[in-house]
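In the two assemblies presented below, chain A is common to both, partnered first by chain B and then by chain C.
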Partner chain A sequence: MARPTRLAWWHLLITLVALLAVTVGAVLLGAIDLGWQRVLAEVWAQLTGGVSPLSEQESAILWQLRMPRVVLAGLVGAALACSGATFQGVFRNPLADPYLLGAAAGAGMVVTIVVVLAPGAGVAFLPAAAFVGALGGVALTWGLGRSTGAGTATLLLAGVAVASFLTAVQTFVQQLNTLTLQQVYGWILGGLSTGGWSQVLSALPYLAVALTVLCTCSGLLDVLTLGDEEAASLGVRPGVVRLVVLGAASLATAAAVSVSGLIGFVGIVVPHVIRLLFGASYRVVVPLSLAGGAIFLILADIVARTALAPAELPIGVVTAFTGAPFFVLILRRRQS
Partner chain B sequence: MTALRLAAVIAGYRGRIVVRDVSAHVPAGSWLAVIGPNGAGKSTLLKSVAGLVPATGDVSVDGRSVAALGHRERARLIGYAPQTPSLPEGLTVTDYVLLGRTPHLGPLGRESRSDLDLVAGVLERLDLTTLADRPLRTLSGGERQRAVLARVLAQQAGVLLLDEPTTGLDIGHAQALLELVDQLRKADGTTVVSTLHDLTLAAQYPDRVLLLDDGEVAAVGTPAEVLTADRLSRHYAASVTVLTGPDGSLVVAPTRR
Partner chain C sequence: MSALVVVAALALTGCATHSEPPASTNTPGAGFPVTVTPTGGKAVTIATRPTHIVSLSPASTEDLFAIGAGPQVTAVDKLSDYPSSAPRGDLDAYKPNVEAIAAKKPDLVIVYSDTNNLVAGLEQLKVPVLLLKAATSLDDAYGQLALLGKATGHTADADKVVGDMKSQIADVVAKTAKKPLSYFHELSADGYTVTSKTFVGQVYGLFGLRNVADAAGGAGDYPQLSAEQVVAADPNLIFLADTTCCQQSAATVAARPGWSTLKAVRNGNVVTLDDSVASRWGPRVVDLVKAVAAAVQKAS
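Right, the complex of A and B next:
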């Protein structure tokens, strides 16, 4: 019997164990030491309805600060890595990332405008502004790409054009209002805020739908890598598949950007690491990128919170700083 | 056994007509080679049969017009290998050949044990079993062409369209591949339509030859009927002699002007 590259039980086992380990680590580490025995007892108490060993304040730190932040990091990482893998598949380009079609530039521009128009009160609207901006940027690119031709190369170039145009607008607005520079810059560097469960809940519905679509369609990405003509000769409609998966990936990216700003590196590196370790079929790359992205970003957030405690590093800095050497290591080991 | 019929097929790209009014009948289990000078429309003709370029006229398989069929249904009847297939370099041979099962899979794309068994069988027939787990990028030219053929065979279509299947192969590998196609077609009763560049090979393998020039059928018949020095000189603007080889097959040889 032929042995194809497919998800196996041991993939899921490794993933679950790693995810559990980083989650436990992230919940235990922080400015205040809660003690692992007491946290364990607390979880047991919550599950069985027993008496909590933690004080009210400690309980709030655990359930209202650390847990939502870990979950948010996991969701954002999963979204970015999964979208990145999808973009690489659709564009048949290893350097494609989720921000390629103008999601980052669109979000950046709209966020800047909101900050400028309402410097104080605008903060509450930033997630919504980023979400709308990201989707708007992608829609603009899609419209422009469709009007000039249907191929992926045209779409890619339209993305470059839209991104530079929107970034130019953003820079212009920023230059006119230099006082807002720090706030905008802080958002662009990316960070997982401590907004509690509300941010998790605001992003969750979009992510659930988008990531389900991406994992379901991962087999079709393999067919797309044959090129449009061969895919069509196998009964697949490449244009329709592209529309669906790029739409889903952009929705996931927009939801992630809206709650975390622009976090680079995850979308490119995680899928490549997965590819090097487990094989190139998108049937494996997409679902494992989802898990790998979650694990990677939870780890990165631990570093961001603890490296310079009590100050916090921007998580985008951490992902690049830790991810790049790790990636080089994997690449070198693989070649030797 | 699957017969293919083309009736008044006109095909092209964006306002440019490349194939004009081609009609042909390919009996079930036979091999038709499409020959003609560069730019004659050979590849476009094959693509129009596979439904990959806008075309008018009618293509029917066993009397059923394929225009009325859905994409997947059509893909189960007609397999197509392009002249320069794009090979996703990181995929293993098994993963790649499995993609040929795409039109047979359910909506979630899960392949069953029988799909995997079928692929294993195809790999064995094409002597690819030892390469099954190798990434495509590590294959030689001849192995790649065999992998492409395996992918099309896994599609289990009654009609195979092969666009220049011997591109980039030396004379020995080209022969081996065409022998393979011939064996497989005779064993399975598959109908083959291929474009061929090498006229001597076109004289040896197919049952019938269709000469296309400027998108129109210039001649059609057995290799001996179509491949005459006079006709080839005219349509290829070439100077050739047609010799008879020791085994009685035709040899098309260029001569200095």
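Right, the complex of A and C next:
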């Protein structure tokens, strides 16, 4: 297979068709079987102003519970995969993921503190707390990395230090307040079960801005892979590019974390699968990770919603359990 | 709102009936040593009338104070918050520390769960331990009261408390018309609930209510139901046992996506329970029965 360095029309076609297919599948499947003919008839009725075949409760299940959840899964998956691809490009490290610079640890610490200080009333503020914590963690890493030296290696190490420190604080606060364990643990495992349209709307503006920036700047990541000096000779300022794309990737990650908690594996596995299937250029990987991440997380959420129905599996378990073997399969096929 | 007021009123009257320990009719020290055997456990011998009891079980703490053994209680765990005359505790039943418990110099320890091999640890220190697991039925709860009565030298008091509970519950149930209403008992906002087989499920069973989790086919007696499942079941009554822990209320339930279409929400039959009353198998079960009765009366 040729390894194109540009985004080809058939790339977009394949991923968009796949995205459409899983979206339709996700809307049809759930803990309650509404019947695919009736769902299609309901959608048709809403579009044409006809008579709904569903009861009021079934209609609420479809439009207020299932639809926003599918959209939210798509948005969160797109954000995490796109950010992961960007992090891998900036740090030139295949293991880089969106949580590398302290976003997860920062969000986890602030969420824990809010839950402990206001166990009940704090629930409403958890998305905002996670958002602020994620951005705060990254800002701390950035400040620390800048003050101790330039270069991405320093930033990476600063990220490790900040993440360890914030996680230690979180664990300490948690140990002093074991009663809130379940609530914090539930949040850390990640999930989309409480997602409604309000959460979609709250995350959408940040994601729209951040993901637009990431896709627009994806070509610059290819330039960065040549090394800073080479990049500078081509008229690119590596420091500025890194600041902009890491800022945008962190904004997308923070928005995703705020509505879904911590969902692992998406940010690492999706960009690699895209790379193996469609080519290594970031002009290809970043935009296609957007669609690929959405597809992967929508699929994972179908499993989360239906595997243990009526109960729900934490989606982080699904992403790791299904993502890891799939990833190994792709790697092996690529090598043979 | 009116349901809340009713529950609050019931809780208050409940306090009045239970917080006054019955006058002791027993001679202190007589009748010991005694041997008691908790359900599913092994026999425990208590040599003398205990005067330094440590309770790491909120339900047992309520039992002890109800049967007049309160003055013999030295320390409790930090979740034992009732009655108000109980000592305030700093012991953690989730992460029990044998040394911290031993420092209270107990002559009887009561736990509901053998976390971290606590029972073996205390037995090495020659402290008698009663492992009284969460009651699985009303009879089990009455049995624990009787057992604690025997273990603390308050046999007659315990029998009286059990008798009062039985007659009060029978009275409330008899006065409430049985309606084939369905209900959802919420333990947490992420949909954990109970089936009719659980202790609290049996309380609802007294009124002939139908549990929506039974038909859903979840795992175990404390299954999780997805929001889709609850909305599809459309229960007549929703009981919230996550009002203190998680600040849930009729308003927060109505604000959840899709829940505003439910009968229980539309007809004002989302009932807030006291988390503790709804989760402990102590004497305040009577309050729970009264709260359910009031809700059934209103909904029918």
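Rule of thumb we're sticking to: the second predicted complex is superposed on the first by the 331 of 336 C-alpha atoms of A that agree within 3 Å, B and C clash if a C-alpha of one lies under 4 Å from a C-alpha of the other, contacts with A are read in each partner's own complex, and residues count from 1 in each chain.
The rule we apply is simple: a residue touches a chain if its C-beta (ideal position, glycine included) is under 8 Å from a C-beta of that chain, and two chains touch if they have at least 3 such contacts.
Keep in mind it's a predicted model, so treat the numbers as computed, not measured.
Colleague: A:237 contacts which: chain B (first), chain C (second), both, neither?
Modeller: In the superposition, A:237 touches chain B alone.
Colleague: Pick one for A:183: touches chain B only (first), chain C only (second), both, or neither.
Modeller: The second partner, chain C, only.
Colleague: Could you tell me if A:61 is touching chain B, chain C, both of them or neither one (first, second, both, neither)?
Modeller: The answer is second: A:61 touches chain C but not chain B.
Colleague: Looking at A:310 after the superposition, I want to know if it touches chain B, chain C, both of them or none. Which is it: first, second, both, neither?
Modeller: In the superposition, A:310 contacts chain C only.
Colleague: After superposition on the shared chain, which partner residues are touched by A:301: those of chain B (first), chain C (second), both, or neither?
Modeller: A:301 sits against neither chain B nor chain C.
Colleague: Let me test your reading of the model: by the given contact rule, A:229 touches which partner, first (chain B), second (chain C), both or neither?
Modeller: First partner only.
Colleague: For A:197, select first, second, both or neither according to whether it touches chain B, chain C, the two together, or no partner.
Modeller: second
Colleague: Quick one: is A:220 in contact with chain B, with chain C, with both, or with neither? Answer first, second, both or neither.
Modeller: First partner only.
Colleague: Tell me which touches more residues of chain A here: chain C or chain B.
Modeller: C
Colleague: Answer with first, second, both or neither: which of chain B and chain C does A:42 touch in the superposed model?
Modeller: neither
Colleague: So chain A touches chain B in one structure and chain C in the other; where do those two contact lists coincide?
Modeller: Shared contact residues on chain A: none.
Colleague: What part of chain A is in contact with chain B in the complex they form?
Modeller: For chain A paired with chain B, touching residues are 1-5, 92, 216, 219-220, 222-223, 225-227, 229-230, 232-237, 275, 279-281.
Colleague: Quick check on the complex: what are the chain A residues that touch chain C?
Modeller: Touching chain C from chain A are residues 30-32, 56-61, 64-66, 68, 119-121, 123, 178-179, 181-183, 186, 191, 193-198, 305, 308-312.
Colleague: Which positions of chain B touch chain A when the two form their complex?
Modeller: Answer in residue numbers: 47, 50-52, 70-76, 78-80, 82, 85-86, 88-92, 94-95, 97-100, 102-103, 108-109, 111, 113, 116-117, 119-120, 123, 132-133, 135, 155.
Colleague: Touching chain A in the complex: which residues of chain C?
Modeller: 79, 92, 94-95, 188-191, 216-219, 223-229, 231-232, 234, 244-247, 256-262
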